[in-house]
Structure formats: C-alpha cells, structure tokens
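The letters A, B and C name the chains in turn, as written, and every chain counts its residues from 1.
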Amino acid sequence: MSSLLLQLTLNGLVAGSIYSLVASGFSLIYSTNRFMHFAHGVIVILAGYILFSFYSLIGFSFYYSVLSTLIYSSFIGFLINKTIYSPLQKKKTSSVILLIASISLLILFQNLIQLFFGAGVKDIDYIDIQKGLEFYEATITQLQIITIIISSILCVGLFIFMKKTSLGKEMRAVSNNKELADIVGINSSKVKDLSFFIGSFLAGLAGILISLEQNVSPSMGTNLIIKGFTGAVIGGISSVPASIFGSYIIGLVENLGIAFLPSGFKEAISFFLLFIFLLFRPEGLASLRRRVK
Amino acid sequence: MINVKNLSKSFGGIKALDNVTLNINEGKITAIIGPNGSGKTTLFNVISRIIKEDSGEVILNGKNLCKIKDYEASNEGLSRTFQDVKLFKNLTIKDHMNIVLRKDNEKIMKSLFGKKEDNTRIIQEILDVVGLEKDMKTIVSELSYGQRKLLDFAIALAKKHTIIMLDEPVAGINPALRTQMKKTLKNLRRKGETIALIEHDMNFVMGLADYVYVLDYGNIIAEGKPKKIQKNKKVLEAYLGGGNA
Amino acid sequence: MIFEYLIHILILVGIYTILALSLNLALGYSGLLNLAHVSLFGIGAYTSVLLNMQGFPFVLSIIASGIVSALFGFILVFSTKKLKGDYYALASLGFAFVVYSLLLNLISITRGPLGISGIPRPSIFSFVINDNFTYLIFVLLFLLITLILFSKVVRSPFGKLLEAMRDDELSLRILGKNTYRLKYKSMSISAFFAGLAGSLFAHYIGYIDPNMFYINEIILIISIVIVGGVASLRGSVVATVIIIFLSELLRFIHLPSSIVGPGRQIIYSIILLLILMKKPRGLFGRIDLE
C-alpha cells in the first residue's frame, strides 16, 4: 500500500512540476498586468505542435526544435499581448472583458490546431519506450526526473530573478503599485512585455515537456491552463512562489486522490478545489501566511 | 437620532476612528468637520453599515445597529449621500427616484402585473426642492458633476427616512449652488428634518450647523456650537499644521 | 431539401435565442457575469431526458428541467453572492467545470462520456411532435412566451432594480434594497428558461453528452449575448440569427464534420474577438460591460 502511495506521490510531483511551469508564468503575467491571461494555454498547445512540426514532421534536430519552440513561444505570447490585450487596455476595458477575450483566444487556437492537425493525438518520437527507473518500490522515468529537475531549477531561477535582479525588482514594483512605479520612472510597458516573454517561455517549456511525456492533442492547452490556474488560485494568484506551491499541491492531491476515488474523478477533484477556493479564499493560501504574521 | 458610543475602527495598523462618541440630534443640523483623512467618511460608512466597527455602538432611534446589514439600516430610516457620487449611470433621473419611491418594486408579481403608480408629480416636487433643473427623463451619465450631487441629495430626501447623512454635499460645486444648498438645508431643518453633515469647508458650516464635532486622526478634538469651534486653538492647529503624518 | 434544412436551422435559432435571452437577463440586466449558463442549459437537458426516459410525461419533464436548473442557479448565487466582478466570473466558470465533471463521472446516472442517445420526441397528451415543422412551431411558442415575459420584466420596476444592481450594487443596497434576494430572483428566472431551452434542445437533437455543455458552448452563448449587445433583448434575437446561420452555413457547404466542428468554433471566437475589440457594446447594446 505504501508503495502505491509512493508511486502516486511521485506522479503527483511530476504533474505538479508541469503545472507549476504553467502557473508561474500565468501568475507572473497576472501580477504584472492585473488581468487573467487564459490564453496562456495557447502557448502550451502551440509549443507542443511546433515541436511536433519541427522535429517529427520536418525533421530538424531535436535540440534545434526545442530551442526554436521556446523562442517562438516567447514571441507568440508577446505578440498576443501587443495585438489583443494592449489595444483593449488602452481603451480602459474592464478585466472581465480581457478575461473573455483571452478565453476566446484559447478556443480559437485550440480549434485552429484541430483544423490543421486533426483531433487525434500526435506522436513525438523522441523517446521510444520509457524504461522506468526503480526508486524504492515505485518507478519513475528519466523524462519525469528531468521534468522535476527542470521545473525546480526554473522556479528557483524565477524566484531569484524576481528578488535579486534589478529587472525582477522592477517587475515586482509594477505589480505592487503601477502608478508609483510609473512615477519612479520604471518603464512599465517594457516590464509588461518582459512578463509576457518570460511567462510564455515557461509555458512553452511546459508544453514541450508534456508533449514528450504524453504526445500532443489540441485540448492539452485548455487542460493545462485550467490546472495551472487552479494551482495559482490555491497558492495565491498574485504571488509566483505561492502559485508554484499551489501547483504542487494540485498535482499531489489529484494523484493521491485516485487512491480513494475512482480515477475518472481525477479532474473533478481539481475543479472542485478550484471552486471551493474561489468561493472561500480567492486570495489563495498565501494570504494565510500574511495573517499569521 | 443617532447615538455613537466609543466607536473604534482600524484598517491594518491605522486607527481611522478612535473611541468616538457623538450624537446627531433630532431636528438639528449636526456637522462633522476635520482635515482630510480624519475619519469622517469612515464614520458615515460605519453608521450606514457599509463597514463594521471594531468596537463601540451605533444606536439609531433607540435601536442598536450592531447586527444589522447595510440595506436594513437604510430601511430603519437612514438616508445618505456619498462624497464620490455613486449613481446608476444607465438609468434616468426618473428611474432613480422611482426606485426609492415605489414600495413593491422588489416583488416580481406585483411589479409585473400590479398597477404602476405615477410618481411624476412627487418627483418633480423633490427635484424642485433641491434645485435640479433637468428633464427627469435624462440619463444620469449625461448630467454634470454638480447635477449628480443634487440628484444624490434628491434621492436621499425621497427615500423614507428619519435622518439624512450628507457626505460633503457641496464639494466641487460652484458658489451659486452652494448658497442654494445652504438655503435648502435650512428649509429642511425648519420642516423638522434631522441632518448630519460632513464638510471640509468651515465657512459653509458656520451659519448653518447647530452643533459641530471636529475629528482629527480619528479622534474628536473639539465639539460645540460653531462660534466656539471657530475660536478653538486645537481645531486651527489641526487644519493648518496637523497634516504631517 | 433546402426547406427542410431551413426548418432545422430555425429550430436551433429558436432554442438558442431563448438561451441567449435568459443569459442576457442575468448578465446584461442584472450584472451577473454567469459563465456557467451553459451548465444550466445542460442540467435542464439531462433532467428532462432522464425523467422522460424513465417514464415521466414530457410536460412534467420539461417543467422539472426548468425547476432543477433554477435550483442550480440558486446554488450558484448562494455560493458566489459575496464575490465581485472577475472573481464572480471565475467562480461561475469553476462551477461550470464542476458540473461538467459531475455529468462526466456520475456514469450510473448520466452514462458519462457515452452520452444518452435515442431521446424521444416530446409527446404531449399522446400527440407526438415527430415532424420538424411542428417542432419549430412548438419552439417558437416557447420563444414568444419568453420574449413577452422578459420584455415585461425588463420594463417593470423590478427590472429597473436589476439594472441598478448591475450599475452599482452597493448604492442600491444603501437605498434599502436587498440585492442578494434580487440576485436569487433574477438568476432563478434566467436559469429556469435556460433549463427549458435545454429540454427543447435535447428532445430535438435526440442525443446529449457532457461535452455539448462545456467550454465551446460557453463561448457560443457569450458571443451571442455580447455581439447582440448587452442589455438588449432585440440584440440577442438578431445576434442568434446571424451567428447560428453563419455557423450552419459551413455544414450547408457540405464540408466534412472534422472541419465543421472546429470551423464553427473558430468563427464564434473570431466574431467575439472582433466585437470586443471594435464594438464592445455589440450591435444594439446600450451599456458597457463592467
């Protein structure tokens, strides 16, 4: 029984790692721009399909494909902001409209992909058969280990960037108090662009990792953004570290929950947690810490 | 009348109201003045139950408002206006007045199938009292700031009430309108209305208020008849020197 | 052949118009950005189908679908009544996800992803509405009732209260109105009609599954309401006609269904994005979405 729990915990950590890559970008963008960028999921979908196109269809080398995918992902996120969100924000539209616009973008891209590539799952043949490594009584594949490592490195890196570098501090200033940041002379538009670049880079990475693990399908972007969003809400949507924490919680709860509920309810657990948190603690668990202080 | 006893309210570390005790007496105009940030609007917000106090009591006509919600306090007889005028920007003047004049509008059946009272005459009367000279079919988004303030006042009057609380009724309004407002308030007092008034402008308050409370940093630093207050050193200090937090 | 197809489109237009009108009542007139409206549609559909296929007469089933949806609408308002703006919208989205999950996973009741097929046509006092033309009349009857009722509500003093609540809820409370109760009443009406629409839909199409009441449909319904214009009943009617006709046009050109499916969604989302960017008030809207 404990080996089952161990396995589920490992699975939970892997899932959490991917969700945290999505959630951290989403949270970064939310805290800097003050609206919910659901179209973040678009980057995840596109990343998977760009990797597929470059590597499996065209035949570029793997590392070239990955690099290109990351670069394209960052740019596409930046473009979405420039072409859709910025014009809307200039007109002083409410964040609710931005939310609806971002959901529309998500649906649009998901269906464009489905139109061009078909609804079926596509195979990215980089890693043939995953031989799991034995870890006590549970198995974990190399890819999964790499996923956890990459995610941890990036999350720590992001944290250091936000806390120590001057650019990171500027981002935090804008997210805390945009008006004050403007007065102090911080170029908030540059900072916002940066948030989209970095956030989309992370989303692209998440897309790559999950496509290697589970192959690509049009709906994966929507699924991941919902999970990432849930993790961010549970942790605390305006705080990147809290969002990462929340994502790991979602990953673990989802997978450990299977031990007690039929596996179909895996999704339902996340949705239910999301709803409960939005109802009772929309600021996330992070707000508890502040209260205790 | 309203009795406020030992009312305190803090936001984070800041004490907005510190053990405030005051009374709004019937048939009188009571003014609450003080520099910016002294807690005047917070006081109104607590009385009208938009915010809950940390400690202390608010008693309206003998009834303790402790457990009461904002809309219930309104139905107990509180009418108020806001400093930053909040109105329903897509509705007309007439719509606004009807919302408070019609009694059964919350009931769907009565509203759909019952007889719709025509309040045009009453509405025009009240608009005349406050001096709002605009067609009642005008949509509020088309009104000027001053006109919106007048409408806010008209609505507060039209609603069934035992006391009116006005939050800076003449802020940002031209002198002619101010004089008119002063006259209107005096008339209302003559008719027996109980009025509580937050104002910045000491001049407006002198010659109008029966009693004045002065707030500074959440504390009542002085109270009394206007003439006495004008000469009070502490009050002068608060207005002139006290703004350095 | 074309005539048959036209009848089919008009039936869909009728059903979706009822759905759009009910959402507009909640969103445009009461300020409740209810992204879970499609769930109420689905709950109505499933309620009606499950009852009817268990032997309950259609008339009871459709009324039940309205009532059960209204109940869920009540639950939605009850849980979210203290939330504002963004968070309300997101909580309603979360509600939609939860309902979707339930429909998907309570397999013993809903048959989950397999869906329920072979849904019978309505049978009212042993008269079965088998042919589509009669069904169209049936739907238009409901639409007429909906339009008349909603017009009355919107013009009534109650309707003005709802609009005031949309514009500034706190101010309305300060004027002594219990806005929670207003939300319950408004949402109940909105949900009831969404449920009715769900029943009409299910018994026409003959098949339902949880995916038909999920994110894709949310976008369609929101598009219609926004394109038509928030707080405009006329707008909802016109927008439904335009959007449904446009999307059905694809099928008319005999494109394969693998293209039609995503193609439709692409059309809806592009229309919605264009309207949001160029003319956020929509065709007939009088107000801005806050």
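Keep this in mind: a residue touches a chain if its C-beta (ideal position, glycine included) is under 8 Å from a C-beta of that chain, and two chains touch if they have at least 3 such contacts.
These figures come from a predicted structure and were not determined experimentally.
Listed by label, the chains touching subunit B and subunit C alike form an empty list. Once CA atoms are averaged chain by chain and compared with the all-protein CA average, the nearest chain turns out to be C.
Taking each chain's centre as the mean of its C-alpha atoms, subunit B lies 42 Å from subunit C. The mean-CA centres of subunit A and subunit C are about 31 angstrom from one another, to the nearest whole unit.
Work out the mean CA point of subunit A and of subunit B, and you get 49 Å between them. Looking at the complex, you find that subunit C touches subunit B at residues 152-153, 156-161, 163-164, 166-168, 170-179, 181-182, 185, 189, 231, 286-287. Residue ranges of subunit B in contact with subunit C, taken from their complex: 48, 50, 69-71, 74-75, 80, 82, 86-91, 95-96, 98-100, 102, 104-108, 111-112, 116, 155, 159.
Remark: subunit A residues 35-36, 84, 87-88, 91, 93-97, 99-101, 103-105, 107-108, 110-112, 114-115, 118-119, 222, 226, 233, 262, 264-265, 267-268, 271-272, 274-275, 278-279, 282 touch subunit C in the complex.
Across the interface of their complex, subunit A is touched by residues 33, 79-80, 83, 85-87, 89-91, 94-95, 97-98, 100-102, 104-105, 107, 112, 215-216, 218-219, 222-223, 226, 258-259, 261-263, 265-266, 268-270, 272-273, 276-277, 280, 289-290 of subunit C.
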